[in-house]
Amino acid sequence: MNELRIAVVGAGRMGLTHAENLARRIRGARLAAVTTSDEARAAAVRGCCGDVAVYPDLDSLLNAGNVDAVCISSSTSAHADNVEACAAAGLHIFCEKPLALTVEDCDRAIVAAERAGVKLMLGHVRQFDAGHSEAKRTIDQGAIGKPLVFRAISGDVDPPPPSFADPAVSGGLLLDAMYHDLYLSRWLLDDEPVRAYAEGGALVDEAIGAVGDVDNAVALLRFRRGAMANFFVSRTTRYGHDVRVEVIGQEGAVQIGGSPQTPLRLLDRAGVHHDLPFTTAERFDEAFVTELQVFVDCVLDDEEPPVTGQDSRATVAVGIAATHSMHEGRPIVLSEFDS
Amino acid sequence: MNELRIAVVGAGRMGLTHAENLARRIRGARLAAVTTSDEARAAAVRGCCGDVAVYPDLDSLLNAGNVDAVCISSSTSAHADNVEACAAAGLHIFCEKPLALTVEDCDRAIVAAERAGVKLMLGHVRQFDAGHSEAKRTIDQGAIGKPLVFRAISGDVDPPPPSFADPAVSGGLLLDAMYHDLYLSRWLLDDEPVRAYAEGGALVDEAIGAVGDVDNAVALLRFRRGAMANFFVSRTTRYGHDVRVEVIGQEGAVQIGGSPQTPLRLLDRAGVHHDLPFTTAERFDEAFVTELQVFVDCVLDDEEPPVTGQDSRATVAVGIAATHSMHEGRPIVLSEFDS
Amino acid sequence: MNELRIAVVGAGRMGLTHAENLARRIRGARLAAVTTSDEARAAAVRGCCGDVAVYPDLDSLLNAGNVDAVCISSSTSAHADNVEACAAAGLHIFCEKPLALTVEDCDRAIVAAERAGVKLMLGHVRQFDAGHSEAKRTIDQGAIGKPLVFRAISGDVDPPPPSFADPAVSGGLLLDAMYHDLYLSRWLLDDEPVRAYAEGGALVDEAIGAVGDVDNAVALLRFRRGAMANFFVSRTTRYGHDVRVEVIGQEGAVQIGGSPQTPLRLLDRAGVHHDLPFTTAERFDEAFVTELQVFVDCVLDDEEPPVTGQDSRATVAVGIAATHSMHEGRPIVLSEFDS
Amino acid sequence: MNELRIAVVGAGRMGLTHAENLARRIRGARLAAVTTSDEARAAAVRGCCGDVAVYPDLDSLLNAGNVDAVCISSSTSAHADNVEACAAAGLHIFCEKPLALTVEDCDRAIVAAERAGVKLMLGHVRQFDAGHSEAKRTIDQGAIGKPLVFRAISGDVDPPPPSFADPAVSGGLLLDAMYHDLYLSRWLLDDEPVRAYAEGGALVDEAIGAVGDVDNAVALLRFRRGAMANFFVSRTTRYGHDVRVEVIGQEGAVQIGGSPQTPLRLLDRAGVHHDLPFTTAERFDEAFVTELQVFVDCVLDDEEPPVTGQDSRATVAVGIAATHSMHEGRPIVLSEFDS
């Protein structure tokens, strides 16, 4: 096989991004099909990706049978079922994060892929961002000495619609929006959390409170070898999409922020003014391309993907533990929770 | 009274700084005396402050009787006794932070000053730093909307000697080194904490662990109106004295960092290089002058000092609560602890 | 016409960039053909752009006759002839900068396009960079008051091969590498230079000196309404592609620099380290797309292009005047030179 | 001699600064006297420096005879006479920049100090700023390779009163305000200029034009070994005191700017805002102390001062050459001018 035929399952915002990248920017792959039952989205797919087969659902796609791999961008609650079906069809799988909303569903998906002998890679996009991957290399080379503390902030400008904010759909703020930072703390500290504590509240958006979720939260993790992590996650930082991570070590520190969108500074009597150093989705544009390229290369070269189902399962477990802590007002020992 | 005669009690590092500032840089005040029983320190005082009376202890100073006010820079465990003695002598009191290591001692000192009708101001130096005071103004003017989260990092380059690290002397890392950030969170959020949780460890310095303290810790506070705070405090950030605070609000954020010590950037093939944006004590040089000037002005103009004994008492209570949380592995409700 | 068929003339570095952008990223256009007599370059074109017609030269392309417009990326000395031929064939023309190496050749190309009634737009790419265009808007809105001085630095990492550095081919450093800054000074100050002075030398690369050019130079322009401009241009800033512009006005200033390539900062005992804030060609990647999109839109909507042949002619005139000044050791009055 | 008795000649803004520094911050020196015929200034001196002898003029000071050295802060046109008188009295001399407004007067002062065998040091304050001195060390250690170009900007917020702007008093913009940058270019490039060209205009302040000076100018120097320098000097950058220098070399570059005055950043929907990175006089506060300390140490240790009369003479010559160039519209060869 020297060209992978990939179908994108789901044509929401992420599905469209993946479809366009597969159509234009990924070497060794061809966008073979997209599934959506929504005619407007089908039109949007054709608008950005040219002539591509559109199926109303995954079953039709699998029946048609002329693809080698899928990129699953359906809603999270459908991920495990989708993975099982695609694995059964022998397709290699790239799946948006998180793998599922429960540890049990994660396990079901992981087992299905293993039994079928297909690749399963998760879309942990920030691991493929130049800043984050360079930070990982820098830490692993010892430049900051022993890592002591991971700190992260993750702020979204606009709250999601209440329907999506429903924890039954999204998993809740600590599993949904804090997921990336939880995973990054494990990856950058190269350690596993043992205890979680969180506090949160619907401080700004009453609609989010009404469906039983919070819009702002802080969390704290303790890791096996002693390191600690500090998180702040918000759906309401209206000043910008504020995404920053730092790791402080015994001999140094790395900080991953963002650069101003426009390299322009205005100086006037009031001071110096420039763009927000954080952007919306564009911040990780390149990383979305890189992660799919890595998946395609892993399949073509028969190598193990760098983000596995287990990586997602462990992150989901921490997110659920933090959510329990927030609701119960006590620290959750991970082993108690995830037996 | 148009010139305040002030004595500095104690001639350690902070005592020397205060003495030199009083001798050279504070308007309306005169350095009248210093107490120290150590001849080398007495010589250091004379070296930087010129001809000044040196008494071996506080009693001798009080007996001599020709001062209007004191700046207490003795060890923290002596603060409450010193305040009582000075208040009884009718002297106005500027006291280094924290007021004491227990809530009871704080109360004792506060009552003594109130009964004697003397001013009592605490040395919360960072409140008088240009960055922090401008941040306070900015928040109070509504520029960031409703404050949601306070984040702080406070890293020291060199661990203190084990004798000082002894929690019986210092109060432990969370009361000693995290004190400034705990106070700043109350001051900048303009709210009181209701619950504290902390995790810490002797990750780097075994000697600190041996005396029963930790060298790195993270903590988390919940406030009455819902806001939250995130802390990281370290005695072992060997790369620099890393002191940063930020407050994230619904409409904006303020960040208080530090500027490079030298305004020089070197560009070479490896990238851009500049000084650490944080310095050692010099970072707050100006603020040490400002706080004493504010104290002197308050006494001369008979106004209420902007940092009271109650401010320190409340901060001490939070520090102790966080310490309990760290040792007991559970969140501490402040009202449970401080009845 | 709702889709413009464009051919790219020349498949050097810039030609390939334009071809790939036309093939993938420009709305309303289709890459119809590329001309190159070099088989390796033809293969490179097919590699990045898919199946596209390749002609050995411009004549063959014009004979084949099925394009609406051209993007001229041939060597500068061929530009004027190419423009004349394409204009005669009724094609709209996007031409890489500069239009020609002499004012007479510029005039010849301008007249040809005017007579044929085709659009002629020049590839002044930096005008379409987000930083530069935002700076223009900021200045035009009065945010910096009356502009007083333009300052620019333009440094290239690697000197070109001596064959290209030959002033007979490139026009010399002041016309070739300083061209963008000369144009930007006119555009951002919204004024025309009246006098030029320059100094330069082959300070680093003897091969450049041997062919009669310089590798580093400074220049100074006086403008009609009094404003001034300061330039530094270098072929030998081995530490990075250093491209910066600022305009200082009576009430404020704008600075256009670059952002670090990777949003990562490393802090260690030696200080803070990050990427160079300037990159190689990627710095203007987006702008290369924008300029072609603007051209395509102008043709489809029958509007005047924002960068005309006269803009290039005036810039070429200043570059030649500065070159004369450098060689003759005296300021050159533009009216004396360009009658 | 283990304590130098220094008198300050003149009690204008700079005289007061030097007097206060000598009274409070210079080791090994004692402020012995100040000269001023203005009673208000005499009072200001006593206000900041305590009890100090005040003489109405230099003669009275010299007659009183109990000082070892002087710090000359009179108006520039009096410098040469003052130096001659003090040298004749056997006093060591620290003199504010520039030494005089003509090369002849510089020579007169230099000869007087040499004949009397007294130290003569010039107040080139920026050489003693931490940023500039670290830049010098960095360049001398080879970190940027061979220096190619020096670039400077020097902007003042408020134009001086027309009486001072009179070129007969100040020497004109290019000698007065550009003096520091002219000197720094010689010092940092470690080379001597051979040719100067300048353009300037009274673009903002008609009163400055009326007395025959300009308020904004650019200049360009060519140095003996080929390096070049670019200057922009302004009396009207109302947005701030904008003082920046950079040296670009073959392998790297150094940039000396300023840090924000307050380490506070505000982030809101409009972007990121912070203080101007340049300040007024405070920018060089420390350097004013350092330069006097260096002078005192040189006298006490009998060492050669690091800034000599010849350094000022050479800088004055370049400033006058640039002024001639601006008025005559031609480059001035330094050897032609300064025979």
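Going in written order, the chains are labelled A, B, C and D, and every chain counts its residues from 1.
Just so it is clear, contacts are C-beta pairs under 8 Å (C-beta built on N, C-alpha and C of every residue); 3 or more make two chains touch, one makes a residue touch a chain.
Here the structure is a predicted model, which means the values were calculated and not measured.
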item	value
Higher-contact pair (C-beta pairs counted), A-B versus B-D	A-B
Reference chain A; chain at largest CA-centroid distance	D
Cα-centroid distance, chain B relative to chain D, in whole angstrom	40
Mean-CA-position distance for chain D and chain A (Å)	58
Sequence positions of chain A contacting 2 or more other chains	144, 238-239, 242, 251-253, 260, 267-269, 277
Chain A-touching residues of chain D, taken from the complex the two chains share	238-240, 242, 260, 267-277
In the complex, chain C residues that touch chain D	144-146, 148-149, 151, 153, 155, 195, 197, 199-201, 203-204, 216-220, 222, 226-232, 234, 236-239, 242, 248, 250-253, 329-331
Chain C partner contacts - residues on chain A that touch it in the complex	24, 130-131, 134-135, 138, 143-144, 251-269, 277
